[in-house]
């Protein structure tokens, strides 16, 4: 039953959504656009003309290359550690009713409810007190600390939707606890773990605040950009940021295609994983 | 209580109790199941059936008591060290593995060689008539097919016993009936002990050799379907297994094989004397199954050598295969009578409002102790 | 071990008997500000002397950097950097707190190329601990198209016509002292009270909305985009900005300008003093210094590079640029920072923080 | 491990699982916070260091000196949260109920901006909002700002930046909670004589509350502590408490004040969250949020 | 087809068709439901029952055809402008509102005054026996209680008709039976038209005045339970409603009231001649319900004046109230016979493997057209 007023309302909603999405994308257009700017000096904020030069040599500035490499490496290490720690925590929190679970839950929740300046400052204060020199390692420590909660939350959601009889069935069929985890639990929560890993790496790659406190001599991509804002952000930054964006876009597109194929092949709708919307909560600065 | 006299018990529970916090889920239960039996645990929701089964499977540890499998005390063993397998109500198939790999899972764990895994897996799928579907993922199967995969996955390990927790509970009526027959066939073919948990009495009766009726964590009565149906020993069993017409009564006299009881509204009925046995003489209720009763128009020709009660028809409902009457007795009870639908419609003389006589053979009368109303 | 012991002793006796004997260069670390060197220099150095120089652009702010390493310095631990480059007032603090060690001048013969006016400085009269890296003037960057006229005076920063179109530096050493110069006070000898007065003046103007923002060296974007018309600015930045925005200009205020110098220092317990001194010596070679100056566009402390640049391909414009090579007249008008006691410095910082809101 | 009884093993296993992650959180989250508590009660100066001496005065002076920034932070964060709610709700509603097969595409579009750097996006806003820029000129044309008014370096820019940067944090939880709503409930409401608007107000909106709550938290909390937007899009007159903490900590090296400010901020946020939860009638705090 | 002859139809569908893309969910369906009737739409999954109901409720718009409520054409009206109410299969209770507020929802929308909302709400809850639970949230109720709240929420508005979409589908057997009785009682008490969608034939038979059997978007046959059960007109109805024994046959002769047919394996059976009617003479199947057949040991004394077939017992299963036999006929069909459990066990003479005679009254024979196997 669609009345006329309903249709008008539907249109209004659609237009509002389109505007909201546009709002989200305006800066992205700018970022991408200025990766093609043929700027003359060190600054890149006046449109001077089109060039592909920067795309040809995205790593012209070795420091930018180092910064990006650091970011990727830190993200990779962070993701592995945080995903491992977080997955096991989620497992215990969902699967076992143990004493102190409430407290652990709270400790997982608190970092999410604490502004990053506070996290970063507190951690740095600790490093200063303990006379630990900050750098690559401390960045990883910090990143793991505040991504692990996101991992726990994401994996927990997945686990809670999983029938625990399936794990019992595995044990019943002769699988030890470890074999059960490896052969059954892990493959089943894999989409959740994957989403959590994606989330952790996205947050890690994009983090400025906490990193700025704990970076020491190490420069990451966001730190480089922030530093560069004082001197003029080189167009290579735009190139790399745009490239990252396109890579993600392509990966997601492939994923969607793959899922379509799977969906078409399977008779049942269940195979198409529900969009892990909760898991896509983006990174914060 | 329940058949603990069985000598070569394959599965034995001794004084098993399970508490969850304050809840007493299973209450010092004894149980023995013969090798090769089809054993049904029947009881209402929450009576502890699943908990009992899970203790046999090793998923819960008894708070007290011991569990034996084939004579060995397995109380402390984890599930993967017990040679029983469970078919879960939700099937618990591994969604990421193909049907084949699901079925092979147990064998792979016990290091059976690759070729044999393949062979036995195929055999098991054949057994449950899923020969061609090995490559599919569980999500691509219908409920009934999933159920059969779960069965094959358990059977392929040739366990000492198969534990089935309401394996048909999630299926619709039609499919349920079909799989009941199939399950029974498979059990006969493979000869493995089946312990089947259900709250559907018809299912238990049509499948099991022995039925144990559970209530509030203990077993009320165990025996064959006919035994339980024809001679329930407690009010709970009488009501849980089929429909019973129960009337308060007290013992008047015993002569020979038959005893005479007087109902609370003064009618006299006769019951086999040996069925009075364990109950006192005062607080008893006599019962009769609805299909054992024959209805006659009041004051018409009714056989004189049986129990007889007078009543008024309240409802006559057409159920297809049978017609169900509800009769109000003078004492206020509503008695149910079921007559086979032999003629396509109920006779006018037995329509609502009519006075009728109910008669039945005294041998079909049973006796249960009176229980305080819950 | 011996080396450090001597360095220690030299401190206590106040006699600069330092010896950092020649060693291999090895892997060592040079901490500097971003975009403050032509990286080719590092490559050439590595090629020429061997070893590997880890060049980190980690200093974005003197205080921030100090906060990062203070704990270790206090505990007399090495901080993992062999050269750090810090601005005068921070360099002064390091000298005062014994956080840096004397340089072995035998390893830096090129020190003779140091410009005369920089040979002595209030916190390190004999340049025992510090060696200038680059200097710069704090002056008026502006866009004549917007202002409609030439800007010459510090007073122009306070012209109500430019309300909301002016950026002010948040570092009080830079901003308060420039304001003092504008008021005719010799900022190099300013007292804390005079400085507080200048800060009060800034505060008053700020409350009226005169200043668009307080900035570090991030005023450049606004100036280039035309968001602001006048900025209290660093000379080197303007040279850079002009390449994209040729209409921008830099003026040394007629009342005089503050001169800052960033100084190379050898932190105490630095593990590669010889490498550090070799580098210091290297960058004092006029050819090398010319390369650096051409890249960073600040005022080089090394003598004789103007001619080198004038003869280099593409260097002529630079050699003529008064922002990089100020005339002698202008040089006379450039004033170093005042020497403040730690307490006064903190008072000043806190007063300014109140104004800038952070 | 094998010889442990089933029961013992079941008690031990969870701690084995939780252990490493828990240790990480204790050592690198809980202990630093406790350490901050200690630092906040120290006094001294940047050059010579600080020592613990129950300096509660730091708290009072921090509160009185930076009251403006606290109020501003909460105000900006609340405004941005509200704006995000207004912008994101129709978007999430559209994605959940009307988008059909474009649902996943819209979700993707909401998330995508986050794969370019946060700082870079904010820098892009600097360009977009610059004084001579198209946007500013249009605002002038329409008369929303005066002839020599500006967008950049103003409260508007900072709030817009925060709103922009945290929009997906609002949109995604909203989407999740809206999508969970059983459509038959809305049908049932119309069946029971509710017009579309009434069905929305009486059924959809109340059922989306957990999403509204979660989205608000995910937006409000980081927004409160944010300093990048104020630093890049604002002036010192828009500085938020995050800027103060950052500069106290990194530039002025006044650790005790920074620590005290951190704690005051956390307290304010916690109180705010509790009050908000009360207002929305959400019982399970953590559960509703995630 | 279905009862379009009803004059004062309360709900009327005329040539209603509904397509979803390529799927033809409902196929030019005509339907008329009398005021105050308990009308059941019975059919297998996917036959279009829900779609039909949703078009009456206003949640879907027909692709073609018109919907009338009490004579008014409501085809274009939104749900909130139709005075029918729906009880959804999933109940669709508002989880954020208390039971009371759920029930009051409809009345509040139609601006009934506060006091009356309270009174009528309480009344409705009383009616479904949930008097004390008004303050609870739906999540705090059991499935059966939720179902009753959904009912109360719809009933309280005193709609012209109540549309129930498998309201008992999610409940377990016991609860389902109990609520069937309750629903029937409530319908009698309030006198509102009920349209009840179900795929459970027993449920339809025990509750409805009229049953419409749907298949693939159209109605196969509509009528009372007895009519459909005793005289199914299509093979689909014969099989969907209860168990049928069907045998291929062809017409041989008609004399008077009875016709003679010859089964494919040569036996001769008689059927009432008027039942041959619409079907051709060749491709027919004759049928008989299992409870109409009487079993006799082979060559024993069996009445001679009826239909008779010979067969072998394959299975004899004890079902409590009855005993079910499966008999293999010479032609290969497996015929089902149900005998009331009059004696507590099946007679030895009818055990598996025995030869038996099956007899039944020719008047219980029905005829359906032969359908191509699906």
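Note that the chains are named A, B, C, D and E in the order they appear, and that numbering of residues resets to 1 at the start of each chain.
Just so we're on the same page, contacts are C-beta pairs under 8 Å (C-beta built on N, C-alpha and C of every residue); 3 or more make two chains touch, one makes a residue touch a chain.
Source: prediction; values computed, not measured.
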Chain closest to the middle, measuring from C-alpha centroids that were averaged per chain: A
Chain pair bearing the highest count of C-beta contacts: A-D
Chain C and chain D, separation of their C-alpha mean positions in angstrom: 38
Distance between the centres, which are taken as Cα means, of chain E and chain D, whole angstrom: 57
Whole-Å gap between the CA centroids of chain B and chain E: 28
Chain E residues counted as touching two or more neighbouring chains: 58-59, 78-79
Junction residues of chain A, two or more chains touched: 45, 129, 177, 229
Two or more partner chains touched - positions in chain D: 126-127, 246, 249-250
Chain C-facing residues of chain D, complex: 45-47, 49, 65, 68-69, 126-127, 130-133, 148, 150, 152-153, 234-237, 239, 243-244, 246-253
List of chain B residues in touch with chain A within their complex: 57-59, 78-80, 84-86, 88-90, 92-97, 105-106, 109-110, 137, 139-140, 153-154, 157
Partner chain A, residues of chain C touching it in the complex: 29, 31, 34-35, 39, 56-58, 60, 67-68, 70-72, 75, 77, 79-81, 216-218, 220-221, 224-225, 237, 240-245
Residue numbers on chain C that touch chain D, as the complex places them: 61, 63-64, 66-67, 70, 74, 93, 97, 164, 170, 206, 211-214, 221-222, 225-227, 342, 346, 349-350, 353-358
Chain D contact footprint on chain A (complex, rising order): 6, 9-10, 13-14, 16-17, 20-21, 23-28, 30-31, 34, 45, 84-86, 88-89, 91-93, 95-96, 98, 101, 104-119, 121-126, 129, 141-142, 144-146, 148-149, 152-153, 157, 177, 202, 206, 208-209, 212-213, 221-222, 225-226, 229, 233, 237-238, 241-242, 244-245, 248-249, 252, 256, 275, 277-278, 280-285
